[in-house]
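Presented below are the structures under discussion, each in the form of structure tokens.
One chain, subunit A, appears in both complexes that follow, with subunit B as partner in the first and subunit C in the second.
Then we have the complex of A and B:
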């Protein structure tokens, strides 16, 4: 095949460029160029206060110094992380449990197709609409407060969105409901890719289900677990739709639910402070890049040696993966 | 005690254990099903009830105001939902078409041809796959503003030509199911390169393109951040922006029947598509994720 490729390269190379050209033009124009502009903006001061538009001025690293001195960005990274982790812990726990059960041949869970369809459903729904729905359900006049009032006999509703913990937990619950199905499917695919002879051997040796789970399943799917963890963290850093709508962009109460991207959005559309917005974008980019590099590092370490095995696995998985 | 009795006892306890495990598993699964579905059941029920009815408290009974809520929602001039549906359909539909076609084209270019920058191009796309869209949002917004394309659906559609994740999926699919012999055979028969792609390769890629088309459609149907920066003219708003507006409006004074109905309208098309194609979608999630 190598020789035939070489032969082709003589006459057909230009087609390669032609075919990939639209992608790169679109990427350059709508992503790369805007990204350079964003980075450039982070070194300029440009803002509109009221009706007065201040002229653009090069300020070097002043925006960065200001951003870190103010320190709000740390608070918002902290909020984002706290809300993410509240949702992620039950997410990974439940997903692992479900994935182990669904793939357990002795357990033989019936109606798997139905359960998978149900748990994956929230993942494809509009986060904005789901958030609005939860806001309505937990609002002062929502069904949860009906239950609360009838249980406690209290006349006044519990104001879920006036308390720091309940607001954060509700956002995390929405994250959890929207993502645990997705994680379950990923982990299932990973578990089904594990060499079945390992499970057979453990059964012959009389291992209990929990022993099999901890000694075989977990170590075998470690790369996917790390992949899930870090991609979820990267997704978490970008958390926006849900807290934005739940708190109407205010991050209330007292900015305790303000995430980094909400902060960025405020600088663009409310504050019209492009210097600061650019700076936040660059910081966000660096954080996401570091996390992505972590994925890449783990992937190459864990998977380089297993590449051949993984290809085999994938072929098997295609056959085995029925819902 | 003879060996056979211990075996028998062991089998017996094993069976009990299995039964217990099975019961626990089903209880948890049923609970999770309830947690996942309850909010949407509440939504459907409340979409059929009138505002005063909803305020009286929640009941697991369908009301009789579905029709009037539906009419009110579509006659609301502050939030013109019909426009929202139209805009979201246009944006999500065009994005699905553009992104699957051009991703397949790009993947094909890299898969079939040999050229100097091939390795670089491939590595480049893998790297940018992880860059969050928000990072360039400011520049994108200002760029569109400077060329007068805010309050226009074009900036929501055309950038989807470059979809790294879709590309990656297509490339993987080609690695496993597009033999180069087919391309060579087409060439021998005198078929042009574009025609080979459009009329011979595309049919082979159909399953992958369908899965990615659905994902892109859903992702753009649900997309909120970028559209909310670009659009603020009410006739051009997409559904997520309109739904977010419900929250901005003084929520407690809003007609709750309409609120639930609007959420219902925003998510139900995707639910219908999902239920019809759930098999492919779930398989697609599993396949797309496992890196070879």
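Then we have the complex of A and C:
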């Protein structure tokens, strides 16, 4: 074999591929393959009841037809959305407020690092642990009920987990506490990315802080706001661990805090109905995929708008030069 | 470049969304049929290690405790068992006198968890070299295992009709497979009684004498009258929603499931109506079985008149809950600690039974001789049965031994000197278990859970019933709602 003496430029590209290979292998094996398996299951009737395994049978789209005919899934999408929105409104509000305060040049808040850590801390805790904590706090013999009893003088406790609204609100509060820190940090990064000269200019023009906030900050961070909204929505669709633990997997009361993933979970952990579980998974997948694509679309639309604006600027500059 | 970025962003979003689809796939696709009760053929023999190990599946410590205390072949010294305190102080494995090791596999019972784990193990048994030797089952799902190929007919491992002649008939009926062979034995019989607080009875009814209290509670109308009196004096008649459930569900006129269709018996709807009444009138404390408030209600701070309990509930659960200072904290089971001695029992408004534990020999066990010996000693031996009852106040499955105690001057400290065995002995022969199905545990649990919403006022009766069907079919996807 003759080694070629041709001068070649050295390429490091293959190392890049080698380094990312393990991820793709693991991904293919543990996510892609099970995903195809799940999609396949959704077209089969497949279940196990106790010691009896029922034979697998191809049923085409029957599982989907049954699922939508039953209509339970719509209720659970509704529940999920309601719980998500109860948590998301205060979350975005508080996060924006905190982000605006922390980045305000005139306020000069001291010990910012400390507060940022404190705000972010709940996100590090395990959702299951936080849920257990809240369950204990709001239980019939918990501290909140002690306070409630001593204030109202009532003999019996208020059963938080026996009422629809209170259960949903508690789940939403946990979601809020766990995630507002994360959102705050994101929004702070966005606000700090806004050109400081804009703020200086507005200050010189005599804008009030609220004017600065509504007319400079908000429009400038719009893409990040949309990103936060949609990622939170995707996370919300998959809401599972908190309501699961708070309601012991029952979605009680009257299945009003049962989320879609809990419903999915009930098909395989309570019973063993693989066909139906696969069907719900696929429906959920489609919903989440649509939402994800919406993020991608928004981002690229934004870039498109930016490019247009840049072109416009150039044109204007040219025009200005002509004059 | 932007285009590439866009594509990449899109793919990553999809990847993220896709990751949640990742479910655990179990692609074993063998099929079986329900009626096949012939023992499953074993494809693999147990390893040497498995032959020297007795592997037992249980869901709590109850049987462990009895086994360590009463099984004559148990090597207390080697296992680190303190025979004076009757508790295990060592942390190591349990051993038998012939050197064999006993391994316990403990899985929580609630939500079918124990059954799921056990089912997995039994299905793998034929191909495994680590054999399950024995497992415990409860009344609510006994049939599921008895009518399967995973339990061995007990006559095959050497337990004769003569061995089991002293057992109550119902404990044998429920453990008999469709081919007529006995597949499981129990050391206990579980007639239910109503356990009430003597101090509250004296205050409200003017007497704590079991016979007089029974008179006041003889049927449901009288029971409801007493509930009103309790309420007027600031007490609760019952603790929670599910307390009286068994007194109704045991008296059903048809089984839970017939031809894969769920049937809700009228008796159950009677329970629903009564419990709704009790809840609305404040006759109960709105607790659920086994929750913390329910347990606390049985203790010194409780304001609840009584609890429906069967045999094991009195000596195992109620006694523990009645103490001010629990045994784990160094408290003693004696009068003066909490309300020990303040309870008494009577028959209550309806006869019923609740629970009960049976021992099965797993098909493929490589220690059948030992399993058979454990069964004979723990469930058939009259002397051991007498000792268990005298020491632990449990009610054992041995007619002559129990009748002897019933007619003796036996008195329970915990029940203020009452001979409750006499009441049990009168109730036990009447227990019938002919309406049980293999779905009972799941359906009972789901039924109670679904109607909690109705009691709390979150759902109408029809909504609750609808939710029950939903949950039931999630649990048993092969079942159908009645049309």
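By our rule, the second predicted complex is superposed on the first by the 280 of 323 C-alpha atoms of A that agree within 3 Å, B and C clash if a C-alpha of one lies under 4 Å from a C-alpha of the other, contacts with A are read in each partner's own complex, and residues count from 1 in each chain.
Here is the rule we use: contacts are C-beta pairs under 8 Å (C-beta built on N, C-alpha and C of every residue); 3 or more make two chains touch, one makes a residue touch a chain.
Every value quoted in this text rests on a predicted model; they were computed, and no experiment measured them.
Once chain A of one complex is fitted onto chain A of the other, the partner contacts of A:295 extend to both subunit B and subunit C. In the superposition on chain A, no contact is made by A:197 with either subunit B or subunit C. In the superposition on chain A, A:210 contacts neither subunit B nor subunit C. In the superposition on chain A, the chain among subunit B and subunit C reaching more residues of subunit A is B. Of the two partner chains placed by superposition, subunit B and subunit C are both touched by A:141.
In the superposition on chain A, contact of A:285 is made with both subunit B and subunit C.
In the superposition on chain A, A:224 makes contact with subunit B only, not with subunit C. When the two complexes are overlaid on their common chain A, residue A:31 makes contact with subunit B and with subunit C alike. Applying the stated contact rule after C-alpha superposition, one finds that A:101 touches subunit B and leaves subunit C untouched. Look at A:116: by the touch rule set out above, it reaches subunit B but stays clear of subunit C. The residues of subunit A shared by its contacts with subunit B and with subunit C are 27, 30-32, 34-35, 37-38, 41, 139-141, 234, 238, 249, 261, 268, 274, 277-278, 281-282, 284-285, 288-289, 292, 295, 299, 303. Against subunit A, in their complex, subunit C makes its touches with residues 2, 6, 9-10, 13-34, 111-112, 115, 119, 122-123, 144-145, 148, 150, 286-287, 292-293, 296, 438, 449, 452-453, 456, 458-459, 463-464, 467, 470-471, 473-478. Here subunit A touches subunit C in the complex through residues 27, 30-32, 34-35, 37-39, 41, 47, 49-56, 72, 139-141, 156, 159, 162-164, 234, 238, 249-250, 252-256, 261, 266-268, 270-274, 276-278, 281-282, 284-285, 288-289, 291-293, 295-296, 299-300, 303, going by the rule given at the top. Contact residues of subunit A toward subunit B in the complex are 1, 4-6, 8-9, 12-20, 22-27, 29-38, 41, 94, 97-98, 101, 106-109, 113, 115-122, 124-130, 132-137, 139-143, 146, 177, 180-182, 185-186, 188-190, 193, 209, 224, 227, 234, 237-238, 240-241, 244-246, 248-249, 261, 264-265, 268-269, 274, 277-278, 281-282, 284-285, 288-289, 292, 295, 299, 303, 307, 310-311, 313-315, 317-318, 321, 323.
Looking at the complex, you find that subunit B touches subunit A at residues 18, 21-22, 25-26, 28-29, 32-33, 35-37, 39-40, 42-43, 46, 54-55, 57-58, 102-103, 105-106, 108-110, 112-118, 121, 125, 128, 130-143, 155, 158-159, 161-162, 167, 176, 180, 184, 193, 197, 218, 221-222, 224-225, 228-229, 239-240, 243-244, 246-248, 251-252, 256, 259-260, 263, 266-267, 270-271, 274-275, 278-279, 281-283, 285-287, 289-292.
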